[in-house]
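When the chains are written out, they are named A, B and C in that same order, and each has its own residue count from 1.
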């Protein structure tokens, strides 16, 4: 997901002597024939969709060498719905609860990443819309990179409630701060720390302060932060992360509803590259607390998987599980087995296929690729596609 | 419409030895002073609009040589409303009946074309949002290229019902699959077949299957396909095409209504280049059938036109006609005569003007350039503009 | 705001011998930590926002040399909300009263400028969405360039009514034609007139003509025009401008209301570069007249400011005032003092900070950086940010 794809040779108009500068136009167009089989008596679906292997995207980024080890850089990257021509997704202008951003074919926004940075040998300060620290362990230590029908349950379950909206751990009616946060200020450790890496982030809800202003019952809604620390050396890589976002209003702009409560998540992940296979896994524990409506809700999940190089290709396999512990005592749980193969036609272009099978228990109704599952029934997903990057 | 406009010299980051690769940023900015005269007693309008000669657009495309004759490529192209700064049009995420995408100043989407392809000496497989096979004969064999006030009636009449929404041959409340389809998989013949060319397409409605899922009464709505075959040699070019899209629900997402019924269209077009003039024409037959509401509706139209090179410019002329045969027996009909001149300042920049006159009969109320026409009255359109491509 | 930032080396596909042509991808990513302090008892706010020094943007522009001194060019530039990844703002497709374009995270539109031009030694004809002639004197002769917490009151007061919507001089429910107009045709004087420069513009409301068409009560709503003339020589620069936009309906598309009345504005501005400081100022007089609802409303404002170079940086200071004269006799008035410093790390990258203080009188409630002010109380704004251009 972080490949440097195409570098446009550019001349800085300023013409400064120190300018080893570049602007890069980059992107991925990934088209997927996706089939989702619902459980018996429920509905299946066939689609041409996108991002079965890597997230489709288009972006602009660049770096300016300021001299003395200092550099300024920017990164603007938006989603691409190349199956139907949509770009971006309408996004909430902020992180608050209740902000809804319907994806109705709206236009290009830099919803994947939109940042400006200043960096030096002391690290990097980055401001804008960026990934949360906790997201990284779920996607890096997932053989399917949180894309396609094989995506780890540990990523999709907290927001989706395992197919039952009432079980969701982030408030209904919001995209929530799970993968990314807007209005974020982050600090990243420099690369030269002997394998230690890390970041700390703070994102703002941007609400009015002073409770006596009409209609504003909360000043912290959508505000949060997180931290991630890891260590990589040779074949070994491990990292842990924690994040919390406050949700303390029940309705914003008349949109929402649903239970409130801060969302807290922490996880740990790691991998070992044995050469013939890269084995990886992660564990995550999520919590929505302080709810006035239905008490705490907890979620716990894990993944174990592997990447096996085979000639010009790669076999991918993963088993993931997620269980939600509702205040009612119910414990919906889903387990998923995913198996896939990627065949590289070049560094930029690959054909791929994935098959995944989900087993639902305890009130879970998670289904794959747009199918519908009856509670406690199973679902199967199948992807066949092409990924082309530029 | 398919010019290669600007090639940015790029270096593929992968640096593969086989990489004869490029990414192209391209576009057209076409501004038009457009006047539409309504019939007596009805309303006229003057606007600064766009796309009077060529459709305004902005896009990114590229090709990667994979070796052995194989290539991967992508094409992302969106509409441009350069008169007011809008880009793209909000588009339905799918092809289904009832999906409405209001054009209210939303942002850049790749609504004109959004595809990824794999091609070889066996042809090309293309996936995403693309033109229908039937559209090509209407635009290639129209001297006005289906742009501006001279656009052939055979393109605009089926969706617009000749100015009376109830007469439309595609369902009300949908953009319909006339010019383009989303979620499309196409196969194109290779170029080396001695002048024979062709394509076959299949587009998906992406509905849930299994009738016993609540609220889903149809599984085929928006699904369709088509085929086009042609032959070009020397001054001669002819092609025929057929397409069908299923519409079998009356409301989707509470948006719509209107009559249902599959939309079927076929057409044939051709041209002969006499040197001093390129003469062209086409015939189209459209049908909305299987309607539970008001029986079959048929539409038939044709065009005869010519392009006459004159120094650095070109004279354009066309006569087109379209007649709708309603189930009620009524037969609204419109005829249009269009005359224009394009003066090329360079290969990229042209000045142009077009005047068109429409005659309405039998209940038709078609009007030009945003004017309004009383039923069976006439309308006149005038364009004056500049087309600049990059 | 008009720097040429990056020129991509391009090869015109047309390959014309005369083609000294280029396409430029350019942009600014400006991130601001912005704090706004409300008055006692009212609400303050802290945000990560954008455009505290220069407006964040992304754009494409290019020029084609047509030979003989003639050139064609285009300019497509959209807003960038880099703090949350939004791009553009949904914009009304037209200039009419009542057209509302909610900024709800929609996608990239070329709302800042979207034009195509033909130019020669006789000047330039430009068509599309462009700045009004009157805007230029407010932004050029403001040390803060109408960006950030120090933005001159003379720009923001007419539309915002000094914090009280009922006081606004442009109709409620419209973005109004203050900074830019869509559907605009402009003529600009050539550069070789011995220091004299100027432009004249006409923008269209694009309404239907003929009063007897149902639902259309006005044919001129949103139509307007303006003119600007200036003279610059050595350290001296002065310019005057006038513009008027007609608003003569009370509701369009059921969106609006509010008072009607044409909006007229004129202003004069100038600066003198003393070397150690560039001193500048401007005066503006606005008027909403012919109102059937509440009579004329007038607004008057002025600014005096300076830019002082200090090593690699620049100190900025300005005092601005705006007073609204309501038909009721009330006269809300605000005064603002702003002080800032910009430190250039390079020509492309700068760090900056600004502090501003507003004093409200006579019913004014203007507040800075998203804070809220009680009527006749004060507000303070503080910006700290980084501007990176490409």
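The working rule: a contact is a pair of C-beta atoms (placed from the backbone, for glycine too) under 8 Å apart; a residue touches a chain by one contact, two chains touch by 3 or more.
Heads up on the chains, UniProt names are A, B, C = Porin.
All of these numbers come straight from a predicted model, not from anything done at the bench.
A.B. asks: When you check each chain against chain A (Porin) and chain B (Porin), which touch both of them?
C.D. replies: Per touch definition, common to chain A (Porin) and chain B (Porin): C.
A.B. asks: Compare the two sides of the chain B (Porin) and chain C (Porin) interface and say whether they are made mostly of the same residue numbers, over half shared, or of different ones.
C.D. replies: Different: when the shared numbers are divided by all numbers used, the fraction is under half.
A.B. asks: How big is the gap, in whole Å, between where the Cα atoms of chain B (Porin) centre and where those of chain C (Porin) centre?
C.D. replies: 37
A.B. asks: For chain B (Porin), which residues are shared contacts with two or more other chains?
C.D. replies: Each of 8-9, 25, 87-88, 106-109 in chain B (Porin) touches at least two other chains.
A.B. asks: Using the touch rule from the top, collect the residues of chain B (Porin) that touch chain C (Porin) in their complex.
C.D. replies: 3-9, 25, 27, 29-31, 33, 38, 41-49, 58, 80-88, 103-109, 345-349, 370-372, 386, 388, 390
A.B. asks: Give every residue of chain B (Porin) touching chain A (Porin) within the complex, in rising order.
C.D. replies: 8-14, 16, 18-19, 21, 23, 25, 60, 62, 64, 66-67, 70, 72-74, 76, 78, 87-88, 90-94, 101, 106-116, 118, 127-129, 182-185, 204, 206-210, 212-213, 216
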